[in-house]
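We just call them A, B, C, D and E in the order they show up, numbering each chain from 1.
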Amino acid sequence: MVQKLEQVETQTKKEEYLLEVKGLKKYFDVTEGLFKKERQYLRAVDNIDFFVRQGETLGIVGESGCGKSTTGNLIMQLLDKTEGEIIFEGVDLSKLKGEALRKKRAEIQMIFQDPFSSLNPRMRVFDIIAEPLKTHGVAKGKELENQVYELMDVVGLDRSYARRYPHEFSGGQRQRIGIARAIALKPKLIICDEPVSALDVSIQSQILNLMSKLQKEFQLTYIFIAHGLPAVKHISDRVAVMYLGKIVEITTKEKLFDQPLHPYTEGLLAAVPIPDPTLRDQKHRIIIEGDMPSPANPPSGCRFHTRCPYAQDKCRSEEPSLIEEKPDHFVACHFPLEKGHGVLIEK
Amino acid sequence: GCSGGTTTDESTDSKTTDSEQKGTDTKADGEVDRTLTVAVGSDMVSFDIHNHNNTSTEAIHVNMFNYLFKKDANGEIYPELVEEYNTIDDLTIEMKLKEGVTFHNGDPLTSEDVKYTLERVATDDTLREYPNYKQIKEVQVIDELTFRVVTHAPEPSLLHRLSRLGSGILPKNYIEENGFDHFLSNPVGTGPYQFKEWVRDDRITLVPYDNYFEGKVEEWDEVVFRVIPENSTRVSELLTGGVDIAVNIPPADWDRVNSNEGTSIVQEISNRVIMLIVRSTEGLPTADVRVRQALDYAIDDGTLANVVLKGGAVPTTTMVGPGNFGHNPDLYETYNYDVEKAKALLEEAGYADGFEITLQAPRGRYLQDAEVAEMIAGMLAAINVKVNVEFLEWSNFVEMRNANENKELYLLGLGNSMFDGAYSVDWYRAERMAGHTDYKNDRIEELLAASASNMNPEEREKQIQEISAIAAEEAPFIKLYQEKINIGVSDKIDFVPTSDEMINAKNIKRK
Amino acid sequence: MSVNTETQNQNQVVSSVEKKQTTNGFVRWMRLLLKSKTGTFGLIIVLAVILVAIFAKYLAPYDPNMINPAAMLKPPFWLEGGSMEHILGTDNLGRDILSRIIYGSQVSLAVGLAAVALAGVIGVFVGLVAGYYGGFIDNVLMRLVDSFLAIPTILFALVILSIFGPSVTTLIVVLGITNWVQYARLVRGEVLSIKEREFVKAAKSIGVRDNKIILKHLLPNVISPFIVISTLSVATTIILEASLSFLGLGIQPPTISWGGILSDGRDYIATSWWLATFPGLAITITVLAIIFLGDWLRDVLDPRSAK
Amino acid sequence: MGKYLIRRLLQVIPVLFIISFVVFCLVFVAGDPVALMLPEDASQEDIELLRESLGLNEPFHIQYFTYMLGLVQLDFGDSFRYNQSALPIVLERLPATLELAIAAMIIAIVIAIPFGIWSATKKNSPVDFLATGGAVLWKAMPNFWLGIMLILLFSVTLGWFPVSGRGDLSHLVLPAITLGTGIAAEMTRLIRSSMLEILNQDYIRTAKSKGIRNFFVINKHAFRNALIPVVTITALQTSTLVGGTLVTETVFSWPGLGQLLIQAVNTRDMAIVQASVFVIAFIVILMNLIADILYKILDPRIKY
Amino acid sequence: MTEALLEVKDLKTYFHTENGVVPSVDGVSFSIKKGETIAVVGESGSGKSVTSLSIMGLVGSPGKIVDGKILFEGKDLTTISNRDMRKLRGNEIAMIFQEPLTSLNPLFTVGNQISESIKLHQKASKEEAKVKSIEMLRKVGIPRPEKVYSSYPHMLSGGMRQRVMIAMALSCNPKLLIADEPTTALDVTIQAQILQLMRNLIHENDTSIMLITHDLGVVAEMVDTVIVMYAGQVVEYTDVYTIFKEPKHPYTKGLLDSTPKIHELKDELQSIEGTVPAPGTITKGCRFQTRCPLATSKCFSEEPELKEIRPNHQVRCWLHEEGEVAI
């Protein structure tokens, strides 16, 4: 483990990353009862490392409950980490307190999954979008008004909607409000926690397109969390695959989708149904059996071994660490796939 | 077992058999109903006869305990447990107990019991009745049945004291053997009825004592006192036959009780006089005797007694009612009412334009107290006196009195369980009322001092009567009326209430 | 396709679809109100009672405390012996019952409203603080709430009133301090769930200060369940005041309250029923109206019925 | 389960502690009952004497200390009125109050469940209107008024039930109805809304999709679920219920805690007040605890 | 055409809400043959669930079938008695719902809920029902079915719960299985498991399936025929290959284009602009008019009919009025 960390460090020394996460852990205390001597922990995020370069999009995928949102919340400082470092532009965010943290927050923003619940139902659109600007004293009065209207233009909301309440909008429009709020302070990093999964199919693409457009326009960096693999693939530059609180594979999307090294990634890709009936029978079906184990009581060794079709004895006892198996292709597996089945990509 | 069973029986019976059966109220199986049920307004407090001062509690106790002396309807004192008695000197009386009196547990009544009882209440200052008996120094046992009561100082009202609850005789041996707590839950007396059961806030059940010294009372197999605090419920119980006697019927319901077939209201004058206590403190308009008189003249006691209380009261200008030692009949069944004169008096006193005063009154303590207070306010308005009526919940009212926070007037009813007028007129004593009414009259002071230890009854009576007369004139208190007790009674029984408000089952007969 | 055309396109749709829905709040309320018969009834009665209370002086035919020995226990006008002079009859001191009921509305409403307002202020504050900060503060406050909840309101009121003496002020204060727990609990519960909603996270991630979050994000969102509960609470308070009067610790005359008239009249229920029946009706109808109003508010304030 | 219980019971301690403190303070400011204990014609010396002998001249902290010392031994001091230890007097009344409260609860449940279910399943029908309307009307009536009216109607006029007192079942009917119908009103509305919510749940649809008869869908699948919130809220109502006994017991001269308390309050018999408040608080807390446990039994989703 | 198991003809299901009548399903017709798997796609609110609930006779108030016929083996389900309908429900026609957690009663054991319909429809005794239930659980691939039999729903994972739902639905060998978004609440790997399971079942029992989804991937992998719904109407109805290769309705086309595909790389996704109109808001013309890139003036004035442009391919669009047009 120690060795591995050093490796990563020497690797990354050359580059300055916008965000670097090192050895991040979040254990939730789920001890029950008063007098239990042994505390029980749910390891929602268990020692993960990754980095995000300026201007890129890092996708994080994985099944429900694997710790994606927790990771996002940890970076946002909405949760207190158990261990590890979250270095944003050279500053460890988790060490900041009070006013300093509040200031720093302007630079990282979040877009939430549920456009319904992420907007205060009792605030008008104008006030929702203006809130970050007011809070950080960016603008006042007329200037504030102008900025808010500009933001509405940018995300494609009619200015006449400014005095409406969230419930008067459709899901897609609400998500646009959320995006306007997130970009209001011109943040450097935006964490998107499943921003489209609550939206209608035909609306999803509108939002994805909008996000791509804004990224180009404002040089934004995204961490894009989702479990819809196609969307992640569409928007990301690099993709991290999480399983049970761990990152099992992280690389560029081309490499990942073309030739996954981790059996879980392979299974995940195979599970995505392809909207083309002609490929029905050509598709390589690998069905990962069984359910995801509980993060409160994860399996020994490699956490995937209980469901892995290729598992061997070593996997049961020894935990693999995330190593750079191929250039810029990190994987945590004792026996990375030689010829992993990716998805057929039509060129 | 409970009265409810009887209740329904009675009510169905009363419709069919009513009067021709003449009281032989039969149960379904033909047996005569020999249960007397009395509805009282509040529960008995305790069986410690020395440690309460609650008339309704005593009203129940009288069935279980005998006193050394008793008073008859005219207030004459006669011996009850005592056979004969002689005054030895100003401080000592010798008495002899009747023979053959036994407690409910079989023990005979002896002088030792009397000594135990009287000395307990005369020496234990935590007992509520202690102030009324602390005058007794000791009881000397002469023999089995003979004893002497010795007082600290000459005590003209000793016999009055010995004819009330404090002299109910306790069984010494029983208590010493079993402890007082045992006595409280299994009380034993010498009276005609003995204890059967007490369910707090519900009922007290008594049964006849076979060896009662005057002979077993055959009339009732069981006497039940039921506690029913809510007036309308008590009335309803009476109307439905659930109870035979219901005390304290509010005037609103008299017609209902009387017009109902099988029930009626019986009344008797109580020993409680309702009056306005006036503050005569310097600086207040009421310090002026003419103002006090004016107020007295402005209030129409007759209307209060006859209209507001619907005749449930007798107007009076004295606190010492009939049947009390020192009663002055000239001052009774009369009142001052003359609005013109009242106005003149006010003018004379320089208050032609009137003034504003406060009348404090309790609510629900006395018969129609709130209505009376409001009526008085209305009456005084006629002579330009604006009265602000301030009602106080009873405990606050008591607090107000104790803290001497009384304003110009407050409404109070004073009873006199001693039936000795000396107790009533003591309220005019300047020292006692300092800071409260601040009334002082030198002649009254003189008379009070003289009567306190005057062992000559005739002289003492004159002295008390004179005090009453002065007070009627000077109006340190404005006496309004003497309350009547109003009891609803089933026509099936014969019940004559007494002004001491006792309910002696022994004297109640089936018709 | 550019973003801008996209928007325009969308605007069209939205404006055609949503025009109907974006009418202003008042109109929406009135629409909802008229749709609900009980709500209309409630509002009208409550408004009427409030007006009666305010203009009691002009509406009451008599001085409510004026005693008239000549006209005692007169029945209402439609009964034999009654007259139009005293429409609802007179009481045992010849006071006009209608006038007393009109004046009684003042105290009954004032006590109801003021007590609830007081309780609301304390309760909402405590609930917000306990819910938002959680942990130790929450624990302490909630134990306090538990303690208060374990003592029946009427009992608590009874003890305090008997100690301090029943006046309008004490009654308000007493009912206020016994009722706040209910709001504290309600608000805390709401806050706990709202706190987890993403918009609060969003506010935090923007860097909004705690006090702002409480005031701007939490408070407005707990206010509508609060309003609903407190309307109902006004109703219960009016009844509670009557019960306290029955137990002898209600508002004392000469101040008039419905509870007071009702409980004074109870000795006459069998003989002169109008003494207790009219104030009883006044209470019942008002309380009924308030409950209906509360139910209606529950619907109106629920954004789900916002259509 | 055991641990959960212990934790819940431990939580009761600070609550009881707070209650005892509040009650003590009230009693302290209440001043002394001495004057009330003596007759109207008692003199100032008599009052002083009694006060001294009852130890009421001590300062606050000493009195509190004495009080707490007694409290841990469950001794609330002696009732001034009864000259007896307060707690036994209170406990002696408890059965009567419990009898009334339980009977009222049963009546409430018996009325509320069918009406609640009925009006939920026939939403907006005349039945629904009657049930909810009736519930609201009932809630709007002061308890004592209802009690007196019931006596006049059913006892005095019709002679069906005894007027007052405690005894066989017939005595219980009117007071239990007085107390129970008020609770029933609340409960009907609660069951109705709870049922309405449940009937919209997906699993009800599932049950219907299996072809189960409507009757069973409602009474098996829906009602049990609807019961869960009802249980908790019913427990919360214990406090209201006990409060209601104060009035009802007075109207019907029911020899329970309520009457005792009212008299104790009126006579400033603070030992009794303290003991009763404590006992009532304890019962309320206990009921909530039971509800919690019941909740967990009814709902298998909740773990200890 | 082989005999249809289910035939829906011009079904109209309206909701009478406080804000007026909502025509959730407005003239839907289609049929399902024996052994056929048919998909109903369309976005949220397009009336997919209401259509299926109408078939089951479970549209609760304020909803009502106002018109149309639902013929199941020739019987019109809209007119038969409640009793007869109950006999069909769970027995001949079974349904699986979207949310496996909320669709199981939390207070009853899994076994209780499965055996309930077995007892009801097969008149089985308690023991028999238990045996059968456990067998069903085993059949849907649940390990240790005896244990799961006595578990409560919350003790199972999402995938397990959905298997339980399937076991429940299949316990009486229904002729028609309606699956309303059976996998949307599940993770991809679990979804794959469930889809595999359903595929196997189709093979074994020759059950007809009506699969409701908005995931075109699932459609492509599972079904024979596709119905595309938009705003309460069928806009396109044909076999699965045609839909993906030659969609004829602009909405279908937009839907296909805007779905990010894992096997393709694109810089920008196509998207359908605007939002789905609330049902009933468009009263004139084509319901897709507000979002259609190809809309003509006719589309705003006249409502198109569902027209068979070639055998087994029906489209509701003016574009193909004069004959098939490539889009």
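Basically, a residue touches a chain if its C-beta (ideal position, glycine included) is under 8 Å from a C-beta of that chain, and two chains touch if they have at least 3 such contacts.
In this text the structure is predicted, and so the values were computed from the model without any measurement.
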item: Count of contact steps on the shortest path from subunit D to subunit E; value: 1
item: Maximum centroid distance from subunit E, chain identifier (CA atoms); value: B
item: Centroid-based (C-alpha) most distant chain relative to subunit A; value: B
item: Selected pair, greater C-beta contact count between B-C and B-D; value: B-D
item: Centroid distance [mean C-alpha coordinates] between subunit D and subunit B, Å; value: 38
item: Averaged-CA centre spacing for the pair subunit D and subunit A, given as whole angstrom; value: 53
item: Where subunit A and subunit C are represented by their mean Cα positions, the distance between them in whole Å; value: 48
item: Set of subunit D residues in contact with two or more other chains; value: 31, 148, 152, 156, 250, 266, 268
item: For subunit E, residues that touch 2 or more chains besides their own; value: 271, 273, 275
item: Junction residues of subunit A, two or more chains touched; value: 170, 173, 206
item: Interface residues, subunit D side, partner subunit C - complex; value: 11, 14-16, 18-19, 22, 26, 29-31, 136-137, 139-145, 148-149, 152, 156, 236, 239-240, 242-244, 246-247, 250, 261-262, 265-266, 268, 273, 277, 280-282, 284-285
item: Subunit C residues within the subunit A interface of the complex; value: 3-4, 6-7, 10-11, 14, 18, 21-22, 197-199, 201-209, 212, 216-217, 220-221, 303, 306
item: Interfacial residue positions of subunit E with respect to subunit A in the complex; value: 43-44, 157-160, 187-193, 195-196, 214-221, 240-241, 244-245, 254-256, 258-266, 268-273, 275-276
item: Subunit C-touching residues of subunit A, taken from the complex the two chains share; value: 73, 76-78, 101-103, 105-106, 108-110, 112-114, 117-123, 131-132, 135-136, 153-158, 160-161, 164, 167-170, 173, 178, 181, 185, 206, 210, 213
item: Touch list for subunit D against partner subunit E, complex; value: 123, 200-203, 205-213, 221, 224-225, 298-301
